[in-house]
Amino acid sequence: MAMAHEFRYERPGTLKEALQLLGEHREKCRILAGGTDLIVNMKEGMVAPELVIDIKDIPDLKEISIHEHEIVIGAGITFADLIASDVIINGFPILHDAAKTVASTGVRSRATLAGNLASAVPSLDSAPALLVHDACVEAASLQGTRMIPIQEFFLGPRKTALLPDEIILSIHLPFPDKKQGEVYLKLGRYGGEDLAQAGWGFVVDADRNYKIAHCALAATPKRALKIEQFLCGKELTPQVISQAKEIMREEIAPITDIRASKEYRLHVSGVMLERGLKAAFDRLQNREVHPQKLLGGIA
Amino acid sequence: MKEYKFIGKSVTRIDALEKISGAAIYGDDIDFGASLLYAELVSSTQAHAIIKSIDTSAAEKVPGVYKVFTGKDFPYKFGLYMKDRYVFAQDKVRFVGEQIAAVVGRTPQAAKQGAALVIVEYEPLPAVLDQMEALRDDATLLHPELGDYPHVPWFFPKAGTNIAHWRKTRKGDLEAGFAQAELILEDTYTVPRYAHCAIETHVAIGKLDYSGRLTVWSSSQSPHTQRHLFAEALGKSHKDVRVIAPHVGGGFGGKAGVTMEIIPAALATKLKGYAVKLRYSREQEFINTYQRLGVVAKIKMGINKDGRICALDHKIYWDAGAYVEYGANVVNAVGLSAIGPYKIDNVSIDSVCVYTNLPPGGAYRGFGYSEMLFGLESHITRAAHQLGIDEVEFRRLNAIKAGDLTAYGAKMNPNGLHESIDKVAKAINWGSKLESSDPHKALGRGFAIFWKAPAMPPNASSSAFLKFNEDASINLIISGMDIGQGYQTVMAQIAAEILSVPPSKIRVETPDTDRNPYEWQTVASHITWSSGNAVKKAALDARDQILQLIHRVYHYPIDSLYLEDEAVKCENDPKFFLPLKSFVVDGIMTKDGTFKGGPINARGMFMPEFSSTNGNPETSQGGHPNVHYTVGAASLDLEIDRDTGKMRVLKVALAIDAGKALNPELVRGQITGGLLQGLATVLYEDMRYDANGKLLNPNFTDYKIPTAMDVPDEIIPIIVEVPQPDGPYGARGIGEHTMLAAAPLIANAVENALGIRIKSMPITAEKVAMAILAKDKA
Amino acid sequence: MKEISLILNHEPRTVMVAPNEILLDVLREKLGVKSPKCGCERGDCGACTVLLDGTCVRSCLVLAIEVEGHEITTVEGISQDKLSTLQEAFIEFNSFQCGYCAPGIILAVTELLEKHPHPSLEEIKESIAGNLCRCTGYTPIFDAIMAVSKEGK
């Protein structure tokens, strides 16, 4: 289907060139990485930039670099790259889980983690994984770079803390300082690809520390700090889980839309809380977990 | 059992190479060169409104826009069974998405830019979005001139209402029937609209050449019917209108009849010398093509102490949309058959076609029977439970047999319904315990039987031409459409069997109405039967010509001659072996140097001469509106997660009586495909309209059709063969039927697993989870 | 308008494109390759799939200008000399009906088998989960791929 909107296209070979263009055009331009979000939006008339800046030739962006205390995921890294990466599979399995639930193979081959974050849709699958790992988004402009903690990155539906002349350079994920078990669960309508109607990420460790985050259940993805606070140090007995579910009801604000009703999202979130924590514990004990099967409906 | 060489064999599809190599040409693949223009539609944003004005001035000024057209340019009415529809909206719009204008541009971008600049002023009218609302005495009338609309004589519109057609079937004595009942069960079932979602959207290109001859290339199931409707609506001779059908990327009924194709056909008549293409976006496909009608069904059933159904009162109200020229026949078909595959002596069926301010309802795989069977097969299971009878046994007791009377008083054809029930019950191990070791899961088993007859006018016909080429390969020239079901291959198999030329040497292509003889439409699962009969006749004609020629030249008795291995052989003379290729074009040279014979060109035609629609308008008794029924049975095992409601089909067995499976692999293909499509309608396909009649999910992001992740764990296809006496080699159609059982299977399995009866579709995970919660609370 | 060069089905090609032209449209309208199809315009159906440097992408979500200097392969590029083993299997197992989704699925599975010559049923399902087929119910497609996977080709 033809795109009626006309625009200029640039493919800078260096980060500096890209930042110059960005600084010049600001709100009037858009960054093109995978295009799986931007091209749809442009075709449907939701956005009409006068310039599109294709960043795929910029060398600094296409690596996952491993450092002593953290990994740095470049803005050009796709979901397919994440799924194939050993350090993600072994070091950040929750991000691996989340990456596998995004769209399909032909979209994951292009869609970037950075692009996903920049879209800031409430149902962002990668967000809970980054939230429970206290990730940081490194943003760059002509003025230099700055680190935006992921908790401060999402300001509202489709709104991020990025300034108009900033581009995401990379996402920093600190290595956990002790052994933990983690998992991402996603509620969809059937077995095929879907936007999350509820997404939950869980991290547990042997000292009964818990980190929990969700997406599609509020205006932005968030950490569930009240549940975390309540659970910390406690053994997960049925009574504790039951109380946690009560607290959860206060903490999330699901809406009714054509994908699911508020009541269903609340109800299944309780189920996801219980099963997700258990699955995270299973992973802590090196037991195999298949997150996509945990809610039923799939072989 | 006669052993055939090609019939009953899973012969490789003859269109395989084309489709797998990327060679197959679909509508949008055809190149038209520099004379191609592009049309972009301007569509109504209102469900019901008077069009006050259309301002096209800004659109006309866009560089690259060639012309802009509106309803005043094409004041034509058209329709298949009733003429209630327009090429473009005239004074009113009747649904959100109805086409009001077309901008024709030299590039798609220019047309799109132009369309965005057309300004329409509306005066909104009250919109009716629900069939029950539309039936009220004070409801707004969508078609005040309904009484003047031309229609087929077997439709009964009620002028002055929103009832476009009311099929009444009355058999026996309903009151007496209920009086004998030990149990009377009454309830209501609702089914919403559904979308076909063929992966190829509708596309058509119209071209009027300088001599005034109109050609339309169209992704269609019905090229001849399209030609007829274009010729009628546009006032041209049929010989001057040509419809060429390329490969079709899925139809499922949505590409039957005429919908958007009339737009480029009409536009072309005002764009002499140009070709103009209209290709629907996926969004337009959802909004402005036929949809499956919605249904509110009220069933009242009486069963006597012997477990026999003694009375059935079935009232079905159809949300048929703003124009019902095709959809009204869905209503009609079900109005004759809503008795289900059962023998019931006292029956009353009211099938009411109601206008609503929603997109036109039309043909969709199953033609109303899926919608009807959801309620009926749910009801049957419930009745059995209430009586304490095993539901399979209950079905056996009441299943219709050959010779029993249908609802309209004709005799039921030979059929394998009992065999289907028995084989399915065995395959699913009916009666065995179903238990899950996982405390989170509940298991349930569902059962359903089904039937359907082709819904066609009594004179729907098929024709075939057959010609030999010099090397004795064959061109089989027919006008049915291979929409994926494998029609071309099966027709080749029939010709192959009679002429001993293997299917791989027979070419069957998509039709051109100029070259290919008449075929009514590729719908109703009837062309294996109908076109198959025509092809068989053509092949027999060819064989007859060949044998007559051999007899004339070689003097062998005709009944000693036969065809085998692409040659003529003789029972009386084992040495006689005349290869077809030596004479089927060239003729046979005789001793004096003269040639006898010449090119073998054959023909066949089939039209059922026993079908009629002159049943009584008040009772439907008399007449023979349905040529025959295809029957089957199915059962499935369902796993439900009690907390999330998510469901997984563990195993499904489906038996269908194909009469004779001309190509068993293709029948299995219809089973796996149809089952999954049926399961999707009940489990997760979900059209959502807002209060203003706007479709909220016109895309695959939010209208979910099955993916590779959604396939049942195990599918057991069972082919039953009780021959159809007037079918080619005993065959009858099965393409739609494989969908029919899915919805009641799930509803029945859910009740079996959880003790919860859900009477509305879709039965989503959410609905099940919330129903479990509500039950636990109570 | 810019003239771009690319390799298409093993041949060097050049074509004039405006920035707003979609790769799918340019392949079909300007470069004469018809096997990638339009099904939904949003990347939801997979009918537009092409191999970009050996990896499946949704060509309806790629601007033509992005592929300058890259390599595109479609089903025509796979069927050139003779059908691949996978394509033969598709014919043998009746793994298509209307054929519209077939090019996309063939490419997705071609990529899968390059990277994982012996995929499990689960891996097969995942690899084509983004290619919608309305006709077959997918089962015959799985059968064909499992057969090829077993034969070790």
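Order as written gives the chain letters A, B and C; numbering starts at 1 within each chain.
Criterion: a contact is a pair of C-beta atoms (placed from the backbone, for glycine too) under 8 Å apart; a residue touches a chain by one contact, two chains touch by 3 or more.
Note that the coordinates shown come from a computational prediction; the quantities given were computed from them, not determined experimentally.
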Contact graph of the chains (line, ring, star, complete, other): complete
Leader among chain pairs (count of C-beta contacts): B-C
Rounded Å distance between chain A and chain B, as computed from the means of their C-alpha atoms: 44
Centre-of-Cα separation between chain C and chain A, whole angstrom: 28
Contacts with two or more other chains, residues of chain B listed in rising order: 109, 281, 701, 706-709
Overlap residues in chain A, where contacts from two or more other chains coincide: 1-4, 192-193
Residue numbers of chain C (touch at least two other chains): 20, 38, 41-42, 126, 129-131
Chain C residues touching chain A - in the complex, by the definition given at the top: 18-22, 25, 38, 41-43, 46, 49, 52, 55-58, 60-63, 65-66, 108, 111, 126-127, 129-131
Chain A-facing residues of chain B, complex: 107-109, 112-113, 116, 281, 440-441, 639-641, 643-644, 646-648, 683-684, 686, 688, 696-697, 701-702, 704, 706-710, 713, 764-766, 769-770, 773
Contact set on chain A toward chain C in their complex: 1-9, 11, 32, 34-36, 39-40, 43, 52, 54, 56, 80, 103-107, 109-110, 192-193
Residues of chain B defined as touching chain C within the complex: 10, 12-13, 15-22, 24-26, 28-29, 109, 196-201, 247-252, 279, 281-282, 483-486, 665-666, 668-669, 671-677, 699-701, 705-709, 711, 715
Residues on chain C engaged by chain B in the complex (per definition of touch): 20, 28, 34-35, 37-42, 44-45, 47, 74-76, 79, 83, 87, 90-92, 94, 96-103, 106, 124-126, 128-142
